[in-house]
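Two complexes come next, and they have one chain in common, chain A, joined by chain B in the first and chain C in the second.
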Partner chain A sequence: MDIRRYDMIVIGAGPAGLSAAIEAAKHGVKPIVFDENARPGGQLFKQIHKFFGSKEHKAKIRGFKIGEELLAEAEKFGVEVVLNATVVGLYPDKEVTVKIGEEIQHFKGDSILVATGASENMVNFKGWTLPGVIGAGAAQTMMNLHHILPGKKVLMLGSGNVGLVVSFQLMQAGCEVVALCDAAPRIGGYGVHAAKVARCGVPFYLSHTIIEAEGDEYVTGVTIGEVGPDWKIIPGTEKHFDVDTICLAVGLSPMSQLLDQAGCQMKDTRGGFVPACDAEGQTSVPGIYAAGDVSGIEEASSAMIEGRISGITIAEYLGFAEKEEKESRISELEAQLDTLRQGMFAPANRGKKIEKTEEGIAISENLLVKGFVSDEEIGRFPGVTKQRKIHPVMECTQNIPCNPCQDACKRGCISIGSNITSLPVVDKEHECIGCGLCVASCSGQAIFLVEEDVEPGYGEVTMPYEFMPLPVVGEKGIACGRDGKAVCDCEVTKVRTSPAFDHTNLLTIKVPNDMLMKARFYRAKKEAAYD
Partner chain B sequence: MGRIENHPILGASPEGKLVTFYYNGKPMEGMEGEPIMAALKVNGVMVHRYTAKTHEPRGVFCAIGRCTDCVMVVDGKPNIRTCITPLKAGMKVETQYGVSAKEA
Partner chain C sequence: MIDIRQKLEEIGAFEPHADDGLLVCRCEEVTKGEIRKAVHEGIFTIEEMRRYLRNGMGLCQGQTCGRLVKSIMAAELKETPDYVEPASARAPMRPIEMEILGKDQGGAYE
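Up next is the complex of A and B:
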């Protein structure tokens, strides 16, 4: 049997695998990347939201654009990617068997990088196998890759970032999200992602889980109920929703089977079955490395950096890079990775309840349970100031590693400082000109422009708006609060779009002055109603 | 369930070539090259197969070729993952019962 040899074999053409191959190829390594899918990029092409972080992490760029950049870079450095190629075996002597078409081909690598990512978890309830119960990833695949609707009315289970982001995407695609529930007592993902969903009117049911998916042939409804301290449903708390789709966003598990097969030492952790690796991704088998979600679930941003760390390490291991070169590159990359692992949602804080921000401000309890900061709580955060003239109101209330707003404001109105997780502060000394770049730059869509008295008794609120159809100037509609409930009538006074905003439109509405700190979303009249 | 014609972030969906395929003998239309699953969903087909022992309906779950819940008999071949198999003109797609196209 024919065996082909490569310097470096990468398994998985997602963010980690491609980044590693690029980094190694920059030093002259000739990598080959296998991926079982028909397209490279892993899950990046389904990510249509703007990423968090700072410039070096490609913050405020949408995931699929980052995917395009990565593919262009891979091509530039001559990375060979073989698609529809499923790696079916990995052996301790760095041999790989790959199913390509109907045949198994045999390869040997001087080094191997396993970047197989993760698969979605499932959860059992009555009716969980019915057609119409789908993974949140499936919903993203249908909408963002294949341009079809997963359903009309959807219930989301899971309040981590995946559940929150996909709920928002479902609404962007035109679906109705009837509720978001989670058995946990607190929302797991970023507050800003939850707030985006809540202001669209989606009710959050924390401490609730699915009792039953209803339907004979496919989903026609769902019943959820409140879980007690013993994790059992409290009788009498059942709630029914008519839905055609139930979306599960209940976590991910590393796909580490190949590493186990290759004899790498494995660890059974709370985050899944992962290889024991050092900081450079070296497993217990010399020459076999792991990077990205397969070595522990994080995000695409960190997967790309981990991939690059493994890439330069492999280049040095194979003799293509000098030790000093590797060390300086790694210290640069590790600093980037370290930044992403800061803040309330850092891996070290998983499962902990954080009561106060780094600034000592009490975290919004309402945000953690209902998905939005209440009118009473919002004033205590440093991005929220009261001024008559136009100014940004930054409803950023948790310490997450993200700072594009600071760079977006050329006038110096917004400061985060050198600590990337600090809450943004409004500097009243610098004059806001209402350009709206900060509004569009915020990946969490948490920045609004507020101006009092544009005419007697009325002011204006400018908000990020990523829905269709785009309202037109002069249209009369209803302003909704952070909770998604109607607060007052309003008129659209400005609609701004620009390539610089990257599809985050700026919608300005005119509301009575006393509603300026309440109105945070807009609905056309026909679809909204007062309670 | 329908196609997304225009999306606030992704813009207008790419225009594909409509082709005819056969679902349990009935002609249906789909876009050439899209996953069979997508064409079926647009045509309102939710059930892809029934399990062998308990005759339970199954459909798409993961949509990325991992869970195998969506397999059907395609052009006479069973266990085809419809979520990752591109649609071609004239394809014969049948509900799978256990591992065959006929109810046992």
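Up next is the complex of A and C:
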């Protein structure tokens, strides 16, 4: 009976852990990766939406596809992944105890990378223990991994990217999202994610929180109310909704206990209890590293880069890579990471209210509170131009690190430039042919094609559409505005799908010319009604 | 080192609130009122609170309530959450059957 020794032990087979193991294995390190789950990939396989960023960040690729690519790469480089393996202890001398099957096994690593990720935060309100109150992550697991609907009518608490993305996915799965509320006065996530949810007709209640989940055996309703400056409910502002599910997306906390146990110096921050570590993930204990959400909450794209940085650092630490090799690879990776940390939502800007874009354009106030840019505000953004002939209308109004639209347009109609966070600009010199590749490439589903006078008095709007069943050509329905309210009757004139669009279908509707800058969503007649 | 007596004086006596019955730690059924009251009995750290009320000692090991308990304690102490010292992390990090733990002889099984 002995302790098994490995060059590198990775705890957690999510985006950070797998990336680190791959990077180290490329240099000859033999890593072993433990994960307590039955499937590798961490949260990646629940992410069915397209990711943001640039080509090198795998932008416009859906999260689960990135997960598949990562697993294939891990296999190619001989990374050993042990599943259903729960690490129960990590000690300063780099010994790891793992529950595998019905036994505790002991391992010793010359290096350890902790990439255990994060867990969802909870909030307390009357009735929060009723069945039907679930985390947004749990809702995603049910829908996207197990294909089970979490409920029929859902209220979402939390307007960060998780709350927004999961609300949209709930609707894609066939749930009704009755409202999205957040105690904060402004929407926390990307405006484009909020806009996607708002145009489906979901009302946003900012400065609102849950007072009570109702029901005896399970959730049958919820009451929310407006919070005042003292965070207390303002009497008389209560609103009731009949729901069977309350979804909570109120942030994540790093699962850093193993690092604490190993004697790593820890920091108690507003973002949770995290290890003190350098830019390469080295903690205060030599040979123990941390990468991904466990060292501070970000998202999967940055976790993968952080993992790679720790991976090459470990390879050098163990003598598998030269110092120069490490340094050049790290500078390349750090440049990628820096790009992701630019813009309005950069970690450095957390909690700050940004009034203007980098271009000096006033941010849409309506977007921050209601979830959509108003008809009056939309015209001031550079992606929105008025032309008679077909052209893209890019309702991208916040500086986020993302540029697939620029590469998507082969005609040169769309320009972002070298600064990845710049708002896309329509270049009128180049002629749009209406191919729709930009529409499908936009991870924020914020690009539309607009053409006036396809027949007297009528024009066409082409929109990204990711709902089933797909409408059919000739179908008569209702066009909805950015706020999700019906604006006019319309007819479906084109439905395009293509492998190049990767499941973002292009739906073209015919509306009166004066509705071309208003109509942004389509509903079949029976579901929609005018106010 | 916190002067417990001075701090207790500073925060005043325990006052009942309408939401004292709210469950915070569902694994061990510990309420908000119990946690607030314990603070007035001189429990200022998570470690002590866990031993005193058993919050965070159940199946999820405080994964759900840990942050909430910290903020309830901090509010009661009129401080920010980082004032409340976290609990030590110990093995086993995840719930594990005694039967399995008992078989552990310090090595790997082939």
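Here are a few things to note about the model shown:
Quick note on the criterion: the second predicted complex is superposed on the first by the 530 of 531 C-alpha atoms of A that agree within 3 Å, B and C clash if a C-alpha of one lies under 4 Å from a C-alpha of the other, contacts with A are read in each partner's own complex, and residues count from 1 in each chain.
Here is the rule we go by: contacts are C-beta pairs under 8 Å (C-beta built on N, C-alpha and C of every residue); 3 or more make two chains touch, one makes a residue touch a chain.
Every value quoted in this text rests on a predicted model; they were computed, and no experiment measured them.
Using the contact criterion defined above for the overlaid structures, shared-chain residue A:99 touches chain C, although it does not reach chain B.
By the touch criterion stated above, A:119 is placed in contact with chain B and with chain C alike.
Of the two partner chains, neither chain B nor chain C is touched by A:374. By the document's definition of touching, both partners, chain B and chain C, reach A:36.
In the overlay built on the shared chain, the residue A:467 is in contact with chain B alone; chain C does not reach it. In the superposition on chain A, A:89 makes contact with chain C only, not with chain B. When both complexes are overlaid on chain A, the residue A:415 reaches neither chain B nor chain C.
In the superposition on chain A, A:174 makes contact with chain B only, while chain C stays out of contact range.
In the superposition on chain A, contact of A:129 is made with both chain B and chain C. Overlaid on A, the two complexes show chain B and chain C touching the same residues of chain A, namely 36, 119, 129. Of all the residues in chain A, the ones that touch chain B in their complex are 36-38, 48, 62, 119-120, 129-135, 137-138, 141-144, 146-152, 172-174, 216-218, 244, 466-468, 470, 503. The residues of chain C lying in touch with chain A in their complex are 19, 22-24, 26, 32, 63-68, 81-82, 86, 88-94, 96, 99-101, 103-109. Residues 1-4, 36, 86-90, 97, 99, 102-107, 119, 121-126, 128-129, 253, 255, 257-258, 260-261, 266, 268-269, 272-273 of chain A are the ones that touch chain C when the two sit in their complex. If you check the complex, the residues on chain B that touch chain A are 1-4, 6-10, 13-14, 34-35, 38, 41-42, 46-48, 56-66, 69, 83-84, 86.
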